[in-house]
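Take a look at the structure set out below.
Each chain gets a letter, A, B, C and D, in the order it is written, and its residues are counted from 1.
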Amino acid sequence: MGAKVAIVGYGTIGKRVADAVALQDDMEIAGVVKTRVSFELSVAKQKEYPIYASDQKSLSLFRGVGIDVQGRVEELLKRTDIVVDCTPKPIGAKNRESLYEPYKMKAIYQGGEKASVSEVSFVAQCNYKEAFGKNHVRVVSCNTTGMSRTLYALHQAFGIKRARATLVRRGTDPGQVKRGPINAIVPTFELPSHHGPDVRTVIPEIEVFTTSLVVPTTIMHMHALSVRLEKEATTKDVLDVFANTPRVRLVKAWDNVHSTAAIMEMSRDFGHPRGDMMEICVWEEGVGSYHDELFYMQAVHQESNVVPENVDAIRAMLEITDDPEESMKKTDESLGLKRWW
Amino acid sequence: MGAKVAIVGYGTIGKRVADAVALQDDMEIAGVVKTRVSFELSVAKQKEYPIYASDQKSLSLFRGVGIDVQGRVEELLKRTDIVVDCTPKPIGAKNRESLYEPYKMKAIYQGGEKASVSEVSFVAQCNYKEAFGKNHVRVVSCNTTGMSRTLYALHQAFGIKRARATLVRRGTDPGQVKRGPINAIVPTFELPSHHGPDVRTVIPEIEVFTTSLVVPTTIMHMHALSVRLEKEATTKDVLDVFANTPRVRLVKAWDNVHSTAAIMEMSRDFGHPRGDMMEICVWEEGVGSYHDELFYMQAVHQESNVVPENVDAIRAMLEITDDPEESMKKTDESLGLKRWW
Amino acid sequence: MGAKVAIVGYGTIGKRVADAVALQDDMEIAGVVKTRVSFELSVAKQKEYPIYASDQKSLSLFRGVGIDVQGRVEELLKRTDIVVDCTPKPIGAKNRESLYEPYKMKAIYQGGEKASVSEVSFVAQCNYKEAFGKNHVRVVSCNTTGMSRTLYALHQAFGIKRARATLVRRGTDPGQVKRGPINAIVPTFELPSHHGPDVRTVIPEIEVFTTSLVVPTTIMHMHALSVRLEKEATTKDVLDVFANTPRVRLVKAWDNVHSTAAIMEMSRDFGHPRGDMMEICVWEEGVGSYHDELFYMQAVHQESNVVPENVDAIRAMLEITDDPEESMKKTDESLGLKRWW
Amino acid sequence: MGAKVAIVGYGTIGKRVADAVALQDDMEIAGVVKTRVSFELSVAKQKEYPIYASDQKSLSLFRGVGIDVQGRVEELLKRTDIVVDCTPKPIGAKNRESLYEPYKMKAIYQGGEKASVSEVSFVAQCNYKEAFGKNHVRVVSCNTTGMSRTLYALHQAFGIKRARATLVRRGTDPGQVKRGPINAIVPTFELPSHHGPDVRTVIPEIEVFTTSLVVPTTIMHMHALSVRLEKEATTKDVLDVFANTPRVRLVKAWDNVHSTAAIMEMSRDFGHPRGDMMEICVWEEGVGSYHDELFYMQAVHQESNVVPENVDAIRAMLEITDDPEESMKKTDESLGLKRWW
């Protein structure tokens, strides 16, 4: 018997976190909470996740169409040790106030929420210990997690003077059809885009500035980074660091992995559930130096890369272990990720 | 120990057929044949499929980069009971002449090849018995297989006077980036498009006429069909038939399955390997009648829907069983498809 | 001095209708009405179209940012003979009630509105005379106009027993970025889709049934039609009819016009304003017969094909001429369309 | 009577350069050369551009289908003062050797060719005088031209220490359907991408490093730039410089110009032929500073932005004027570009 975990918001992230939690030997799914009818509920049922409705209206709706629903979210919270809130922003912040605080629940929020929703903005390999025993922790967004993983590794190895990144973001997720763009590039008119400051909620000591734009693709984000390092580092030095960094994978154009589409294809071939790629993929052929600047390109699978962080955040907050490596190894082994230990 | 199967051409279709064959208790993979270096070779190795090179040049290339290769395709053929040729057209026809006939190999071809490459154009639920004991069989294309499955079921239940279909085809497969269109609709200037006549290579008695166009998507084809039936049939009658037809799945917009993207999402959630959907998906809300005409819309997963046919064709050609239902049940159960038996 | 025309709603359709009206020697632009700030206002100003605000809030907004605005829509109506309402549905119907009826204005609505908004659903070459002297006329949608033009011509020449069409629709307009789909085909779950019945609001005597789906492109719709004719007609007979039909253009794949993208490219090369293609384009190579059925494919430029109908509707409603050919010739000559007279 | 200009290669760039040349009072089109049959030939004929075939095969083909062709390219060269070669790379370089040198023709090449094809790599506002009287000049690519225009202006005003750019490139041109990607981001595995060094063929004194990737859009490239300046400059200083730089246009998200799609829409509204945008568009809201770094985003219309450079290069090479401003004003006024003089 492990920690009882409730998943509030059973969509793109929620369903993945649920499956990841269910794979751990020290956790179990107490229930999943949904608002609307969808095929995802039949899958939840098949996986024997108890289903709860987010409110009375959903409860009536679910019952009306014959969904096997256990009750409302409030009932679930009574049987739960911790909540992973995977609702779209800003519902997480509202839930904190209306549900989690009244019920004295520990809760994990996703990166769409503001940093102020929680005590810690979390990326396991950067600041696991800060989340130890905490009540409210935010797993940062896919983009922020992606940058944090590689920048932190570089910072530890060589020191970072400054980092610059252009984020080329997907328009919407693969299962969605309502959002565009269909044929345009849409710049973000924030300077820096919120991603740079967001990295600093995790790793305050790195000076990072980002710009961002959105393009007509659904499958991955791409980051073009340029980093000025404190110490000299050859391309090989950098590749060696990434090769040993958890949750970062080197991929090779030479091996026919030429695009985000090829990464997704490879991940499907690996047999990963849903074809997910939870590791940040850095192209070997995209790493290079020019004077004191390091350039690299990385691809981020927005649907899944934060999943392992949610699992680790549970262990930290419930004080299951205070050793980040122990938690991350357990998580990564269960999910079939790269062996780095 | 089962039938030894060689996969010649280890790409989109070949790798899926290999995995499906490996799941059968009456077959095993003798080897897979590839021409170019790609991440797919590492996956093959991990799955313990013996790797062969398609020619001397590939053999040297593979050896040069350290791929664990067993030899050339000719050596594989000596250890093989049957070949599944999954090369792009028209290499299958060339291979028949240069390889399979000289080596007296039974061979299965894919739907890109002309019907004349083989003795039988095959869709398991339509004409399994015609392939029994044959030496050269062609599994028809994804589009032809898709139409054959639903039209044959309707024809058996109600009789078909004439069928008309508009095929809205994906531009290229999800892992590919070279082919377009990016922002256009491209009509096919064949009347009928080759798909209509191709259905008649499988079910000669159905009068079917198709038009076709290509659109900027990678994930599924969509068919809009209109069929005049011999017997009267209500929408419910038709849904009942499809509900009991092998390798056809009813999906519901009501259940949030509104698009080809949602079908793919559902299939990933089901935990299907690679997120594949081997069944033809018919929308319940897209079935309707008007006078003596039946209208329906179906989605076809071009990467995977012919995979079960390849497995059944092996059983038919090697005379493992002469009972189509026995083979199809075995195949479908191993692949986790819909239970129709 | 000609008829004074107000354009209410100055977006994709409105700005085109304004420019077309301004080209006529028997009409002039009394003013254009807009709600939000946009570059389109500077273009309007440059063209010397008087600018009005749709309400007090917009008026203040426009004045606040220095736009040269004449006043509110109500003031414009006092100086106007007829309104062309180009607002998004269902604002046209609301405007009829709150503005046009109180001000006793004749008004033209666009095809997004329900047929009941007006006395006549209008396509110039089908039913110009029905709109003569009327007060409220609806120019039907781009898709309905497209089908009406070719079906009516066929019906007059050969008689139509029944028409069937699959409409492959663009996701959004080229200048828009919010709507998708990015990578999916989205079927419409209406049987028939509303387009079939809508054609019958214009040509009640044609039995037409349509299905529809949306694809990830911005530039044109495509219709795949199959029509059973009363009289026998060869492909050449049909091409001859279309060659002489107003606002229908034959295009040739042979001439490198292979796709909707190539049609748009051709139209830009013709020097058409905005690269518009107001004619329905039928591919010569896409026309063919099978027994008593005629098949053809046509492309519809959703941004512009209804523009000439709006101009003709003005002439009919204001009784400028009761001769459809006279109006259509004048319109088409001014817009540089195909010579059919 | 002006300089006689031959356009060799009458595609995306060639047809635009032809139209621009035809607008000048000191030049005329001696002929345009094409290889394949296409609707573009009918447009050329309508514009009264003499048509020539690129070789004997094309000549026979054109004559066979009734195209009014004057002869082969060699005959055109005899009546020509200068050639603008707009063929796809590397045909320009081949033509230099086989045609232009034997015929002692001055020739302009496009940016797909290597810099070594010519004596000067040309952007009018950067190095017009270097091309004065030269025989072989290369107008650099759309991306290089785009970066050169804004970087050179910044360099003159403030001095540039180093420039960094991420180029987010369109997959193919709007009229094309064969090339992808449909749903992927494709990084370029060159570090730097060739664009950085290419800028230095025009402005050797600027240290510029670029990375590049391709996305599924057809309409414009987007550049995200970061530049370290010698002198301090506020955002306003920078905007003032761009406001006065030829062939650079400031656009405003505030004005509803939020994306590349909106720029194209605006350009169509302006009435520009083919909806072209020959100016580099910089978003006002995308310009900002952080310490000594300037960030900005610019959009480049790959089909048309090099057209004015081709016109100016003709004037420089034929010594029509040695004053860059005189030539550029003449060009820009004829093309309806921004008034900067």
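Miscellaneous remarks
Definition applied: a residue touches a chain if its C-beta (ideal position, glycine included) is under 8 Å from a C-beta of that chain, and two chains touch if they have at least 3 such contacts.
Bear in mind that the values here come from a model prediction, so they are computed numbers and not experimental data.
Among the remaining chains, A is positioned farthest from chain C, on the basis of C-alpha centroids. Here B-C and A-C were compared by C-beta pairs in contact; the pair with more is B-C. Computed from the mean C-alpha positions, the centre of chain A lies at a distance of 47 Å from the centre of chain C. If each chain is reduced to the centroid of its CA atoms, chain A and chain B end up 35 Å from each other.
The distance from the centre of chain B to the centre of chain C, each centre being the mean of the chain's C-alpha atoms, comes to 42 Å. Among all residues of chain D, those that touch two or more other chains are 174, 176-177, 181-184, 186, 216-219, 258-259, 261-262. The residues of chain C lying in touch with chain A in their complex are 171-172, 174, 176-184, 186, 216-218.
Contact residues of chain A toward chain D in the complex are 164, 166, 168, 181, 183-187, 189, 191-192, 209, 211, 213, 215-220, 222, 224, 226, 253, 258-262, 283, 285-286, 288, 290, 293, 295, 297, 299. The part of chain C that touches chain D in the complex is made up of residues 15, 36-40, 42-43, 174-177, 182-183, 218-219, 251-252, 254-259, 261-262, 264-266, 268-271, 273-275.
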